[in-house]
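Labels A, B, C, D, E and F are assigned to the chains in the order they are written; within every chain, residues are numbered from 1.
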Amino acid sequence: MLCLLATLVLFASSPTAVSAEEAKSPAAPGVAASAPAEAATTAPAPAFTKEMADSIANQKIAMDTIWVMIAAFLVFFMNLGFGLVESGFCRAKNTVNILFKNFVVFAVSSIAFLVLGFGLMFGDGNWLIGLKGLFFATGADNSPATGDVYQGVYHALNWTGVPLWAKFFFQLVFAGTAATIVSGAVAERIKFKAFVIFTLFMVGVIYPIGGHLIWGGGWLASKGFLDFAGSTVVHSIGGWAALAGIIMLGPRIGKYGPDGKVHAIPGHSMTSAAIGVFVLWFGWFGFNPGSTMAADGLSIAHVATTTNIAAAAATLSSMITAWMLLGKPDLGMALNGCLAGLVAITAPCAFVSVPSSLIIGILAGIIVVLAVFFFDRIRIDDPVGATAVHLANGVFGTIALGLFADPTVCPAAAAAKPGLFLGGGMAQLGPQILGVALIAVVVFALSMAFWFVSKLLSNGIRVSEEEEIEGLDYHEHGNSAYPNFQLVERR
Amino acid sequence: MLCLLATLVLFASSPTAVSAEEAKSPAAPGVAASAPAEAATTAPAPAFTKEMADSIANQKIAMDTIWVMIAAFLVFFMNLGFGLVESGFCRAKNTVNILFKNFVVFAVSSIAFLVLGFGLMFGDGNWLIGLKGLFFATGADNSPATGDVYQGVYHALNWTGVPLWAKFFFQLVFAGTAATIVSGAVAERIKFKAFVIFTLFMVGVIYPIGGHLIWGGGWLASKGFLDFAGSTVVHSIGGWAALAGIIMLGPRIGKYGPDGKVHAIPGHSMTSAAIGVFVLWFGWFGFNPGSTMAADGLSIAHVATTTNIAAAAATLSSMITAWMLLGKPDLGMALNGCLAGLVAITAPCAFVSVPSSLIIGILAGIIVVLAVFFFDRIRIDDPVGATAVHLANGVFGTIALGLFADPTVCPAAAAAKPGLFLGGGMAQLGPQILGVALIAVVVFALSMAFWFVSKLLSNGIRVSEEEEIEGLDYHEHGNSAYPNFQLVERR
Amino acid sequence: MLCLLATLVLFASSPTAVSAEEAKSPAAPGVAASAPAEAATTAPAPAFTKEMADSIANQKIAMDTIWVMIAAFLVFFMNLGFGLVESGFCRAKNTVNILFKNFVVFAVSSIAFLVLGFGLMFGDGNWLIGLKGLFFATGADNSPATGDVYQGVYHALNWTGVPLWAKFFFQLVFAGTAATIVSGAVAERIKFKAFVIFTLFMVGVIYPIGGHLIWGGGWLASKGFLDFAGSTVVHSIGGWAALAGIIMLGPRIGKYGPDGKVHAIPGHSMTSAAIGVFVLWFGWFGFNPGSTMAADGLSIAHVATTTNIAAAAATLSSMITAWMLLGKPDLGMALNGCLAGLVAITAPCAFVSVPSSLIIGILAGIIVVLAVFFFDRIRIDDPVGATAVHLANGVFGTIALGLFADPTVCPAAAAAKPGLFLGGGMAQLGPQILGVALIAVVVFALSMAFWFVSKLLSNGIRVSEEEEIEGLDYHEHGNSAYPNFQLVERR
Amino acid sequence: MKKIEAIVKPFKLEDVKKALSEIGITGMTVLEVKGFGRQKGHTEIYRGAEYVVDFLPKIKVEVAVPAESVPAVVERIVTAAHTGKFGDGKIFVYDLEEVVRIRTGERGKEAL
Amino acid sequence: MKKIEAIVKPFKLEDVKKALSEIGITGMTVLEVKGFGRQKGHTEIYRGAEYVVDFLPKIKVEVAVPAESVPAVVERIVTAAHTGKFGDGKIFVYDLEEVVRIRTGERGKEAL
Amino acid sequence: MKKIEAIVKPFKLEDVKKALSEIGITGMTVLEVKGFGRQKGHTEIYRGAEYVVDFLPKIKVEVAVPAESVPAVVERIVTAAHTGKFGDGKIFVYDLEEVVRIRTGERGKEAL
């Protein structure tokens, strides 16, 4: 400990040592180079200085980076959550297929985002797309320098003082999440290959465009649209793409009777589904608080609390709503409800007070139940409720930011204008509505176009009736998930 | 990196900038306001000062906060662990019910602790309960200020320099844990609604009272009673409440023969149970080391090690004990054994040496096996062993602190007096025994009272015989956990 | 926040306070004691100094420690991943046995590494083993002091500024991983007791010897052999031990037809296997980035990215390779592929560029598929593919470091010499090949010797034919994993 | 009385049940079985190795009926379960000597 | 010889087994089945949609016995499996032409 | 026609199937069952308590054959399923009145 203390006293005495560090670091900013030289005149003792000085200088970067990376790891872990929610909500005969999709979606995302997506989303460019540093995240960059000191082609991320690879990795896990949302919605009938190719397009093109508009310095960013952690960027984008996929695929065999009756097709494991939601809730503590992209203690604590309260409130409100409508508390609905609360609080988490998060959560839980009923009524067959959760509540959460925003709740909230209910009128709500609408149009159109072209160019994107009945596991993979169990499958 | 270095040199030159930050932060302490002004006279260069100074000033708070929050996330994740241990140890026909209970218990806890529990536990008050800042954690508070600088109504938490919401969130996940312990003990026969209401009472009243006595500045705190991470506060309180529940509910149908014979009722998935215990062990690294509530490296490393060694030792000692008594190594018992070791080391983890933790672990593993046998003999039907694990070992661990405490093992240990085996006589052991006894009386009485009143006011707290036989999943939720699997259920 | 700011201004004014802290801390380095005294002359204000100064002085240690500990927790969590991959890939009738093995392996590792392994591996000693501070990690040690200031018997770890127990715990979770690799390879036929005893030997002797050679300051370390996070130290060592075990046990009944035909023996739950791999991928973000053992932001971000890209690339390349060879995408193979990428990047993760990690990942995915076929052809019956994953790719990754190393990619890379493909010739590749060969000989020989002696001294290490057919769960544990499910087991 | 056993493809169960209900059959018992016959099994892949699954999932429907109902029941099942592809299954008819309804103790046709 | 098949409620299996043991029946074979009959199925809820589960879990107990034991066995099963509610199940009796014990090759009553 | 039911040990299924294929039996139906008999059950342990599992996993193989094939089939099964230990299982033979192949509507021996 003492040596660190000494470090602090003596840190400025060894500018050459500092330069050495600068040379070694691939991203050392050259701008402030004179400062240590000036400082060097005051401190006497020479020993241990290089390491100590470096150590202190690195502390903020290091702390920000470990926070961002740990948060990113948690978000990565959400892939497991999605995989389990989706497979749990589908039938045993499609389990391998769904798990495989959820697995490969992150692998494909990693490559697609490295090769193109990151540059398209965060590269300096025009109002719609990034144009510089497009491929392999190899544009000029002197991160972790921030603000005006930042010199590179990824200006949209110059507010966070972490290394470029930390920015890339954190953004990658978000991109993967958007792609994985689609997986559940199109489950139990889409061809494996079609989904893999869609993921490439989603993470390589659709998501980066939507993201550039909002987080990449594009048009919506300039209009004051806010989305702290991605109710729109991640969840609505995923949701619109999912909706397009569902429409192009049509419902599963047996889901809707000829008379229009809705037939439930129960998932094969509520254990999987429940594990999945717990893992997602856990991962969301990386998703939302991590979106500070800095070790900003006050904001992190605030965001984690609003996130949690919204999730808890939505769990209960969805449970109660379903209980009243159906007569019994339905676990599947409460699980969807929990996710709905998390999705809804994702945009406003840093901008609203804890009591507001409670209200947002309660509303999200009600909305998701009604949305599930609604989508079933209009014959949108979504095996896992991805549209009700991510689309409906992605939109709701984005709007809710415009209603409840309060710039004083934590340091990170300063960017917002007061919401409608806090007397801000349309100042913040206006851009939010604009953003919801624009993203809807852009993403839905791009997705429909993709599915349409896919259908034309390939043998169709849906498996045959026989394959669907006998299960995708056998037909797509020649495999079965539970060979030692006696299964009971009738549809 | 260089800009940070410059920061350090120049930090003091911009007191106004600091004041700006102070204005923005909702909890900035006003006390030390003059210091920066004084300092401002020495440093020359003006550039970058505000952000840099803030950044450095925030580092300790930030680091403490991210540690506390990450630890809290790990503890949150224990909900999954409990959900899986409990559902794995119960039958397939009750899986939805148990998962649902474990899910809703944290949602209810979140709301109950926000609305009332936190204030009751940590608000300034009398020897028994908190009286100030009761509702919605909205009392006056200038966290992260600590010690004498702290001005607010939650003095019991003024030793940790993290924001109020970090304190709230960290304490919330502990409260949730106490409530979830009960879930397993009353499984397979309690009405869903009765359990939900109990959870409200548990997290809103029972746990905060017990907690105030110990961690909230109440009577036991003043007597020198110590419990680092909650062997008593969390586990015994949960355990006593569970015991009361079991007594009021009675054993499951078929558990005890008319001749007094104990019939095993095997759980439906050792995979679930084993995942659950791994997740709990993992989460405990947030539970115990996180209870430093500060990024105190030496203590964290020490606590993680004692925690792990106790868990490992208890796993082995329970395995061996059961092996000797039953002739074969029994996984279920070893899983309980692992948890027993974790529960037992929870109170003393920061106060005992690593070798002591080894001994405590070994004893915990033996105790849990004997306790399982004991509770079965006295017809306390606890499907998951919650009483043997959390109650018996919560008590043991609390006492063990009084036996093995060594104030020199790590910085956090300084609060303890030497234990009996380290020549401290009854100095620490005395208060520990006192605490165990008082908590037993208070919590058991409150819980019994609750169950008793519930029974009177409602249609009973236990499902009907038919519902119990056919399963709570169908009767309570109209649902089944594994509809694609051929189940074999005869009881 | 302000109080911290004041801290920074005034930190040097209270040397006595610092000494107090020094006295309290069991490992405070005494060397730099004069520095604060000197510094004390410049700063005026006296208030709050002790805590503030301590706080700042502790920051680097604290940050390094929380990073190392969190990384270690993630690595610990990999035990769950291994448990699920292995049990998922085995039959339902052996599930309890495999889960139990994976559970007990970490418990035994914890004790064995505490009692002997750590000292043997990291204690100062000769070229082959440690000789000082052998037992209970109780050698003299003044960690977190580093470099020349370090005074103690664990010099090989003097480069990381974290407390001794952090070093111990981090190294322990690695040791546990090496042991758990063997578990899967010998599954479904080894006696429980034989495996437990092997684990003791593995973690108490084999792993520490291999580890001392490389990370403990032994012969290979002196030759310039590099292995950042353990492709060789953990994975190859585990792999060679596994290979020896497989050879001594022979294949499972029914695996190879009399005609030499390979019969697939499908695992019982692809859900378990997929969860397992996700958990491992998650845990690997502790394994590789954590091996910085310091909060070195640039290196951490770099290592996390190379790790992830290699995993993603290997997932895809293994999927495609298997698809081309077998006609369908095979989830089991892709899961193995993902792990192969992770194992291969483990040694070079800090030393190679992101594009290189992509290439390494692609190759690893191809290698693992070919290795699975190869081992099956030579009748090495490895139920989970441990040899193809950990041995083949542990070797490949270690060599790949010698091919792709680039000392400029991140601060942590400075230790490497340029690889063959970067114009470094054999400078780094030479030592790598040497290390692979030496470890192969040492570990394989020790393992074979152990199994051989075990066979002689006991009643054999393999269960009887009847036990194997009816399942180890019943025969070894008198237990069944899924008693409520109708199983279908014919082999 | 006769007992009719029909081995049918799993996804045809609902149709068979409906067809039987229409002619007043109010009770039946159903079992999960695996069938082996002309319908070829398939090859599955597991971590690189292939293996043949030659027992295919089928449903066995058991119905006890008065002798005179047999032709109608058989005809109904054939119609409902027919796809024309290998593996549609078989119907077996056995003599049934006695039936007892446990709830009431009724016997013979009364008990059906 | 006769073969007696009893469809009973799952939780009655233990009682039936015990009742049969008491009259010296030492062997039986048991199957998980699903039953459809007068006992109504129930409605389950899944993510907001309802669906009817009309096949209920039942146990089928199969016992091969000498012809003369039939009345006793039937009576025993009726008593043991009776609850008086719909769905108690049925007992079916068939003629059994031959029995072989695989272990010994014994045939007929010897083999039971 | 006759229906032959064989209760065998699970791991003997492959052998039985092979033995029957060799004499031209091309179809059979297989069920997972639990058996109770002379072969003693075993004691399992669960979290410290013991309990007896007395229903053991068995496989039931059902084959419909022309009457004249019965002796050959029985002999084959006995040979293939024999281990000589308790629990090897039993073979039951019933009369089978009618068979219908759903795919074609064929009846009787044609349908086998």
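Keep this in mind: a residue touches a chain if its C-beta (ideal position, glycine included) is under 8 Å from a C-beta of that chain, and two chains touch if they have at least 3 such contacts.
Fair warning: this is a prediction, and the values are worked out from it, not measured in the lab.
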Other chains in touch with both chain A and chain D: C, E
Touching both chain C and chain D (chains): A, F
Which of D-E and C-F has more C-beta contact pairs: D-E
Fraction-based call for chain C against chain B, same above half, different below: different
Chain B-chain F separation of Cα centroids, rounded to whole Å: 55
Chain D and chain F: spacing of chain centres that average the CA atoms, whole Å: 18
Overlap residues in chain A, where contacts from two or more other chains coincide: 8, 25, 56, 58-59, 61, 63, 66, 70, 144, 266-267, 269, 275, 326-328, 330, 332, 477-480, 482, 485-489
Set of chain E residues in contact with two or more other chains: 31-32, 44-46, 50, 94-95
Overall pattern in which the protein chains touch one another (line/ring/star/complete/other): other
Pairs of chains found to touch, sorted by chain label: A-B, A-C, A-D, A-E, B-C, B-E, B-F, C-D, C-F, D-E, D-F, E-F
List of chain D residues in touch with chain F within their complex: 2, 6-8, 31-38, 55, 58, 60, 70, 74, 77-78, 81-95
List of chain C residues in touch with chain B within their complex: 1-10, 24-27, 42, 44-45, 47-48, 51, 55-56, 58-59, 61-66, 69-70, 72-73, 76-77, 79-80, 83-84, 87, 95-96, 99-100, 102-104, 106-111, 114, 136-137, 144, 162-166, 168-169, 172, 192, 269, 272, 275, 476-486
Contacting residues of chain D [partner chain E, same complex]: 3, 17, 26-32, 64, 94-103, 105, 111
Chain A-facing residues of chain D, complex: 10-11, 13-14, 32, 42-46, 50, 57, 59
Chain A - residues contacting chain E, complex: 89, 262-267, 322, 325-328, 330, 332-333, 336, 369, 372-373, 376, 385
